[in-house]
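First chain A sits with chain B, and in the next complex the same chain sits with chain C.
Entry: the complex of A and B
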């Protein structure tokens, strides 16, 4: 009897500890399963493809080629041009989004205009954000068509002598799609900055004014530092999103003329769905993942520092 | 007793339902045709098929052309392709290489089908993988009002006449141009329809012994130089390098271009968009010294059966239905296309003068599209497009254009 009691007494705490240790994982399991299905497995699959040749498209068994796909892709001028265009497109977009978003947010946060006017401008300024990328692409294709409204206005006011080929010119195509992306993306910054501005205590401005600070100093020493966490987060997220932009460029220029507006996303699509080189497309996808992961690490570190 | 009877009835009902369900086959049919046809017409055809084939139902998976293509590519990659798929001839080689299309030769043999009525079959390695259900030819559309205003009596029939008429029609001040050329990198089928079509119309070929034959090919050189001449003369509507096929049609519909190479599929759309547009259809002009039959570019609504389909016999029944004389006539009539069955006659040929003209062009020439059956055909067009744009912009000579394009093409053969 005594033996039996001792034995039972030893088992119960062990099982209890095991159950206790498992509970957090049970709670986490739905998220872990989702993460595995939606992120880890696809990433692992694409990474595997990037190390193989003859994937998906042929009946022959894939062959392991190691990093030769990476070396091959990096050596291609087409890839380097797409990478360069992606960086120009993304950096220009992020900077312009920041300037426009902050400017409009400051305008909407001012006390110089009434509440009704503010509401009206809010609606007007946020409009580009409510359209999907496809609609934006169609809209701007029409506006920037050689026979479109933009050329008509420019010629009417004497700023151009003949129709400008905004999307068909090698010199202008990348700039044009960057402009469209800036137009489409600034409202997100504006809304975020506006929320941030409204959260800055007025007592800070009042104290600074008492100390004799002017408008520029108020902006530089109070507004910008207060918005810094938002600015950093937005810039990093926007850089990642813009790097992945596909629809807008595909539906306006298709990466052309020639390769003048080719970015990594359009290059990946062409490699996969037009050239049927899924191994190479997977390699490009992994390179994009590495680039954006680099930025994401900074983002996470920034968030952690902000939390501390 | 009553309870026992009820149990028996329930059991019989379950068995009957089970048998019915077991016999009922649902075929998935992925295509881009339904959205391009008048609402409900294609579904009505499928309903007729279902009525004639009890136990087989058809689920249409419809989307725009490019979306359908991407869906089929993804389905082929994962082995989840729809049982029956709409195909473009440019895709066939890649899907066959992937092993995702079933041999229709085998299915025809199993069904004891006589293929003598089929106008064409797309074959690779001796087996048929695609049957063109209906064909859309690409004649030249001519704005007759613009021609009349410019004092041109008849549409051009040779390249020299075409260049002269295009120059006469061009009036940049009024935003009118002689011709329109879409070379968008998004969908580079302008290379097939608007560039190489000139080659085929004069009996030329871009291939030799199944390999690209661009370098030193006098026929190809004359075509690209001809188009370069038109481009340099400023008779082509602006926006060439980002223009897509729908944009091209839009330019024609709005009376901003005098001539365009266009699919007959656009005819009703042109009429709907601009009922007052006075236009005619003519054959693509040939080289000045060419007297032979003219190749007529075409695009097909092709059909194939998935290798992964568990219902290939039933899928073949659907193919056979669509290729039958009666229903192929119906489909070609509602699609305004030329039939894939040689015994079918679409009714529009007798009721519509423009279609009758197009049919005349069709009968006098022959269907020509060398991209059909080539590997990664769309990519080949895009690779040529890149070099062609550089050539038009003056960055390459004609020899460099053809050498670069051929080198890029050969990597895919």
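Entry: the complex of A and C
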């Protein structure tokens, strides 16, 4: 009984082999259908829209206009402001996330406090990450309200003389939403760095200590180089995510006042759903995609190198 | 003599740093929690106090007895649960294919899946609007479930492929010799031992789905279909800033993820780190 099974299991006639060749695609088929319909076709659609005029809501037939939508958009000061804000928002967030995430991970990695205290601090540090962007937005609108608790604290310790309009002044709106995004996003780095720190062999530190290295040198010549692959992939991933951020800005400032905190995603949304300029919105959406893809190519290459 | 005092100093500095960090991370959350028990007139009371005489469960009662807000919660649970189940299922099948088979276009397909992770949601939103209407899915649960899967699936596939890759192929061959099919290998052998990986994928997927905002905002129209993140925004417009109720809803809306996180912390952190770092 057992033997006959073995023999049928190993003999593979031609037709069987052909079927077998299809098996991996069969397992992938739900994924491929979903990604084709909801990812590849939409991207092709949005690209087509960006080359046309009069799409979606007009009665007139769409007309092909080539790259003129792109030239139009790039020449607009609103677009350039949104692009600049997006870059400021993303780069400041990535740098601050890195500094906070690494500092907190190093603090949590210490042997100077007990395991229970460490576990408690870890949960507190991860807290901001548990909340969704729309809840974070509402919470900070409460905290940063001119009559809110942040202004109260600043005034009572003498750092401010009068209530500050954090989210409704043109000078501060972008900085405030960037700060909120920094608060919301560092735990992702911290968690990854914690895992990375635990992966560094202790023998490296011991050997360096025997050679007389001090704490700063250990950090500079062992910790940082060992974390480098994590740092690069986190920074790229975070840059991509931060340039996509919509909810947080939409629900705190809405891109205002007077576009002072407008980023590319809120600008796209307004162009599509308030101004109903779908060709222009598609064009901005394609520019965001191009910006992201540029970073993503480096990310994928980096991942490949790490995998090998 | 010098060494103990130096370590004592380091220890004091580390503890100082830890406490400052905890205040930075925890105080805003504590304030949210405290405000959810206040009366709305006390929200901006001067001077602010963490707990005042207006302390009551009334804001929670208001949220939990409002059928419309309960509906937001039901929708969020329903959509997130279905997205989690479907993503895990489809992700396991795809991960199995990538891990155990050699086939043409394997590399390009893998690259495509990694690439989809970085497509901006706002880029897809414009064509989705037309596409979802065309598929007659506008303002339905399926509109949300299918579009969410575009963002949850790549991570699930990458994680499951990685997890299956760590399992020895001897297991598969034992089943093949017994005359079992590849599906038997997957369901009877690989899935049971991969449970930790599957749980971590499931938790992460649930979190992404529970938190999604942009598609929920654009692809649904009526309050019967809104989810919690969009519902909170509506609360902001309708009730002229019932801060205490918004905070109560925020606490309630964050509980599922917080509980999932605390229960599965270990899986979650290792899975998350592996997913982000090793891809």
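Just so it is clear, the second predicted complex is superposed on the first by the 276 of 308 C-alpha atoms of A that agree within 3 Å, B and C clash if a C-alpha of one lies under 4 Å from a C-alpha of the other, contacts with A are read in each partner's own complex, and residues count from 1 in each chain.
Definition applied: contacts are C-beta pairs under 8 Å (C-beta built on N, C-alpha and C of every residue); 3 or more make two chains touch, one makes a residue touch a chain.
The shown structure was predicted, so the numbers you read here are calculated from the model rather than taken from an experiment.
Going by the contact rule set out at the top, does A:97 touch chain B (first), chain C (second), both, or neither?
neither
Considering only the touch criterion stated at the top, classify A:278 as touching first (chain B), second (chain C), both, or neither.
both
Which holds for A:147: it touches chain B only (first), chain C only (second), both, or neither?
A:147 contacts both chain B and chain C.
So, does A:192 touch the first partner chain B, the second partner chain C, both, or neither?
The answer is second: A:192 touches chain C but not chain B.
If you count the residues of chain A that each partner touches, which comes out higher, chain B or chain C?
C
Quick one: classify A:253 as touching chain B (first), chain C (second), both or neither.
first
Overlap the chain B and chain C contact sets on chain A and report the shared residues.
Of chain A, residues 56, 145, 147, 251, 273, 278 contact chain B in one complex and chain C in the other.
Give the list of chain C residues in touch with chain A in this complex.
7, 10-11, 14-15, 17-18, 21-22, 24-26, 28-29, 31-32, 35, 43-44, 46-48, 90-91, 93-94, 96-98, 100-103, 106, 109, 111-116, 118-128, 130-131, 146-147, 149-150, 153, 157, 176-179, 182, 210-211, 213-214, 218, 229-230, 232-233, 236, 243, 246-247, 250, 253-254, 257-258, 261-262, 265, 269-270, 272-274, 276-279
Residues of chain A touching chain C in their complex?
For chain A paired with chain C, touching residues are 5-6, 8-9, 21, 23-25, 27-28, 30-32, 34-35, 37-39, 41-43, 45-46, 49, 56, 103-104, 107-108, 110, 112-113, 121, 123-128, 130-135, 138-140, 142-143, 145, 147-149, 152, 156, 183, 187-188, 191-192, 194-196, 229-230, 233-234, 237, 240, 243-244, 246-247, 251, 264-265, 268-269, 272-273, 278, 281-282, 285-286, 288-289, 292-293, 295-296, 299-300, 303, 306-307.
For chain B, which residues count as touching chain A in their complex?
Residues 69-70, 73, 77, 94, 97-99, 172, 175, 183-187, 237-243, 247, 256, 376, 378-379, 382, 385-386, 389-390, 393, 412 of chain B touch chain A in their complex.
Contact residues on chain A for chain B in the complex?
Touch residues, chain A against chain B: 56-59, 141, 145-147, 162-163, 165, 167-170, 173, 250-259, 270, 273-276, 278.
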